[in-house]
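Look at the two complexes coming up: chain A is in both, with chain B in one and chain C in the other.
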Partner chain A sequence: MEAYFIAIGIIALIYVILSLGLTLQYGLTGLINFGHVGFFAIGAYTSALLALKGVPLVLSFAAAAALAGLAAWPLGLVSLRLRDDYFAIVTLGFSEVVRIVITSEGWLTNGVQGLPGIPRLYEGLGGSAAQLAVLVTVLAVTLVGTWIIRRIAGSPFGRLIEAIRDNEEAVQALGKDPARFKIQVLVVGAALAGIAGAFYAHYITYIVPDQFIPLVTFYVWMAIIMGGVGRVSGAIVGTAILMLFLEGSRFLRDIVPGVSEVDMASVRIGAVGLLLVLFIMYRPQGLMGDYTKR
Partner chain B sequence: MTHTRRQFVGTIGAATALIGAPSILRAQAQGTFRIGALCPVTGSGSPFGSGMQKMIIAAAEAVNAAGGAAGRKIETISEDTQTSPQAAVLAAKKLIDVNKVQAVLGTWSSGVSLAVVPLTNDANIILMNTSGAPALSVPPANAKGLSYRFQATNDRFGRAFAEICEREGFRRPATMAFNNASGVGNTEGFRKAWEAKGHKVVESVVYEPNQPTYRSELQKVLAANPDVIVTGSYLADTTIIMREWYQSGQPVKWVMPGWAASPELVKAVGPDVVEGIISVDSVSNENALSYKAYDEAYRKATGQPGQSNVYAAMTWDMVHALALAIEAANGTDMAAINAKIREVSNPAGQQVYTYAEAKEALKKGKINFEGASSVLDFDQYGDVTPDFGVFFIEGGQLNRRYVVKI
Partner chain C sequence: MFYAQLLVNGLVQGLVIGLAALSITLVFGIARFPNAATGDFMTFGAYSALSAHKVTGSIAMGGLAAIIATGVISLLAYLAVFRRLAERSVVALLVASIGIAFFIRAVLGVAFGHSQQVFQVPLSRPYVFGSVRITPLDLQLALVALAALALVFAILYLTPIGRQMRAVADNRDLARVSGIRPDRVMIALWLLAGSVAGIAGMMLGIKTIVTPEFGWEMLLPAFTAGILGGIGSPVGAVVAGLILGVVQEVSTPFVGFTYKIALAFIIMLAVLLVRPRGLFGRLEGAR
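Up next, the complex of A and B:
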């Protein structure tokens, strides 16, 4: 039982790290990033490929963050002239481009066959101790990430990006250049997604382009919307609710009688959908949402 | 809003406790051998997944009706992979850690099997899959020799395609593949085997999934003027490709895997469009008594003929091979069971077809279980080498002309 909770915990925390990046980008700055999974994929593949070549994991994680962050840079430059909705389209396109490049460049990424046998973190510890160590590490990174985002949100920089979200023209009128700040926000969020990707690759130990579909991006969106957009605590709580819905529904069969084992799978997916709809109907601003401002 | 945040969190906490509790209470039951049925009930594997899961349950019932294995009943716990590696990993974790299963059966897509196999290896339990990717045969995936594959590898499919093209006298084959491990595996396997025979492939196209149209890919292939197109495709994309090819009017033959050129395809596009298509599939061991038992169970569970789901025949065999190995090992020690799987399935020994019969024969000596999906003989990698049936679609019917052995 513990090992299962540890597994859920690790996956949930990986999604929290992704949500933190998106909270910074959308929640605070108002950048509609529909391509989050692209940076996640870049991080996963960077770290996996380096680790398979024998590079120490500390370095491969750093490279994953760096490369994912760097990938956001040109995207930021290109997209600065675009308003919200167009930016959303470009980022969605970007993540699909990343996936298709990974699929096509078989010499590097092994294409659709994927990369099996990615080394795990703390392989030496073995078994459940290693799992626990992974959980603690992801938790530590999540806490540091949360702390950083909270610091950013509370700083003058944070007020500035919130101002960009609320009224970009006003920010310009005050003599600030929103473009620079948007790029910085994009890069930081992408680097976080890269780290999440590296954890994912080394935890699942097998990655293939099919895993990096836009659904992942939208899971993260669901999480921050349910948690409360613009709140750092919302990223964490929202992910927890999403995982509770997704994983908790596996135990439906224990409490719902009269449904066959096979039908249960579909009932489960339906129940998750229903819960999501009900949740948004009754808590439209998210669980931790800011009910004072809007 | 009348609800407070605290109340809400409280409710969620209570709900978690409620759904978590019964399974903890159930976790330890004596005298059973637990297996996990981890099938693609939803997602792209859904046309096969529910049948596969039903056949695991049905086969376990057959085993239990014959008195179980090594004095224990087989208990099945089902989970859905959603045909997604991430969902499958969590589902497998639950099966292994919460339900304490001692074998995981029925993973379908290669991506899922490759993601689940590290977990079953860690837990030192058996994984039985129906995936095609070659990587599953060798370390790191099969480092412990605990993984068994009941489906022909994509490589073997490719070799069978090449045999058929040679036999049918085709000279200028082109390939079209769905861009995933299995699709590309089929056409690459074909290309390797075909070039080894000293021929050339005139054009190869790999296409992206979930497109509304495949016209440009099709035009590119047809421009090379092939006499046959070999595909590594699935039902949904093949349906679109067939319609668009028919509209183009260019005559060409097709060789396709059986999961694409199936009765559903005929139903979807009409018999005129698919007339003459060659459909290749690993032959179920149709004349064996084991197939008859499987077919009966499948009809009873789904109302469809057993032939419509080759993977379900494989999962039926999984339970049989595993239960016989448990019986032969006379206990639940996983290393002992694993050592017996080849012994009860491979030749030398009395040929047996049903569990009850096999269990009796096992008392007298060595047995060779002949499955419903194939004769079920595992090589050193845990792979089976089934024969391939070559079906021609004629007047809307799939008629088997001959069988290719590789």
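Up next, the complex of A and C:
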């Protein structure tokens, strides 16, 4: 039972790191990133491949963050020149292309068979001690990430990116260049997703392209919309609800007889769809939302 | 000629993309957001046609079912969700369209299962022109698509409601002060957009295999064609769909089958950076 809670805790914190990145990008800056899972996948595969080649995990994690951030750079350049809705489509397309490349380039990624036997973190500790150590590490990274984003939100930089979200022309009129800040935000958010991906790969130890479908992106969207867009507390509360939902649906399948895994996957995706629509319609500010705005 | 054959295959594929892009560009031009549920509308059309075909044994009845059922679903999505979000930001509409897409896919997955389904159409001998082989099925599909396109363009350019739709697309406020009732225009728009997506879905289903995910995978090529053609331009969407279909087929020997969708993405990026208003778009554009 304890092992179960540790496992849930690790996965939940990985989702929190993902939603922190999206909170920075969409919640604070207004960039509609529909391709978050693409950066998550880049991080997971980068770190896994390097670790399988014998690179120390500290370096492979750094490479995961760097490469995911780097992949966001050209998208950032494109985003500056596009309207919000076009940027959403471009990022969605980007994440699909990442998955296609991973699926097709079997020489590197082993294609649909995926990468088995990815080394765990703290393998030397063994068993539950290693699990606990992983949990503590992810928690530490999450707290640092939370702290950084809170600091950013309260800093002049944070006020500036929020101003970009609310009125980009006004920001330009004040002599600030929104473009630079947008790119920075995009890269930092993607690097966070890359780190989340690395944790995921080394925790699950087996990754295949099918784990990186757009649904994952919208799990994160669901979390930040339910929690309350633009709030760090919202990202955390939203992720907690997301985990209850994901785990709850697994329990439900175990209890209700005769429901196959594919049916349950359908029910899950349907529930995500319904929740997205209902929250957008009836509670756009989320549960922890900022009622003082809009 | 090997490439002539690919060209023919590409044209049929291009008609499917063109129809899907037409649905996207109509909604984008008039309701002002990229409808991410278009792919799943296509899936819905394919399953509707599949069911009707199984019951009646007639492809024509299947097509009729796809047109009606998908038009109705699309209208329901508008009445229940999009209409109430009309005054909100584009993000709200976008996220809602993703939600609707997921919901439709889930319902289809539960109702029809996840196994691959195919239209049982009789095999027939292809017509041979030199080295190019055209199956009667491809020819029929092309005719259906052209008939559907002719009908849509007739509605858009020859009927009062079509003229009103184009007026709203052109300038919403001007249309309103000219006495055009937005409600009627929107209802016509969503019926039309759904029906067109439904037909595209049925055609794709006949050409390939039907699964609950197969329409979603057409979303990127369809958006690309919409953008390449110029958002809000029905003619552009169809022309760009044909171009994209041919380019995808002809490039297959070089880039491989799996990179078709990646190719669409590259084309989309290139268009957005070089000429964001597309081939036939108006000046107000993607920036």
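The definition used in the following text is that the second predicted complex is superposed on the first by the 257 of 294 C-alpha atoms of A that agree within 3 Å, B and C clash if a C-alpha of one lies under 4 Å from a C-alpha of the other, contacts with A are read in each partner's own complex, and residues count from 1 in each chain.
Definition applied: contacts are C-beta pairs under 8 Å (C-beta built on N, C-alpha and C of every residue); 3 or more make two chains touch, one makes a residue touch a chain.
If you're wondering where the values come from, they're calculated on a predicted model, not measured in any experiment.
Contact with chain C, but none with chain B, is seen for A:Leu82 once the two complexes are overlaid on the shared chain. Residue contacts after overlaying the shared chain place A:Glu162 against neither chain B nor chain C. Of the two partner chains placed by superposition, chain B and chain C are both touched by A:Ile269.
Looking at the shared chain after the overlay, A:Ile100 reaches both chain B and chain C. In the superposition on chain A, contact of A:Gly117 is made with chain B only, not with chain C.
Overlaid on A, the two complexes show chain B and chain C touching the same residues of chain A, namely 100, 103, 262, 265-266, 268-269.
Listing the residues of chain C that touch chain A in their complex gives 33-34, 36, 81, 84-85, 88, 90-92, 94-96, 98-107, 109-110, 113-114, 212, 220, 223, 227, 256, 258-259, 261-262, 264-265, 268-269, 272-273, 276, 286-287. Those residues of chain A that touch chain C in the shared complex are 26, 32, 34, 78, 81-86, 88-90, 92-94, 96-97, 100-101, 103-104, 215, 218, 221, 225, 262-263, 265-277, 280-281, 284.
Remark: chain B residues 1, 3, 5, 8-9, 12, 15-16, 18-20, 22-24, 26-27, 37, 41-42, 49-50, 53-54, 57, 76, 78-80, 82, 84-87, 89-91, 93-94, 96-98, 111, 114-115, 118, 122, 133, 135, 139-141, 179-181, 183-185, 208 touch chain A in the complex. The residues of chain A lying in touch with chain B in their complex are 1-4, 7-8, 11, 100, 103, 111-114, 116-117, 127, 204-206, 208, 210-211, 241, 244, 246-248, 250-252, 254-255, 261-262, 264-266, 268-269, 282-283, 287-288, 291.
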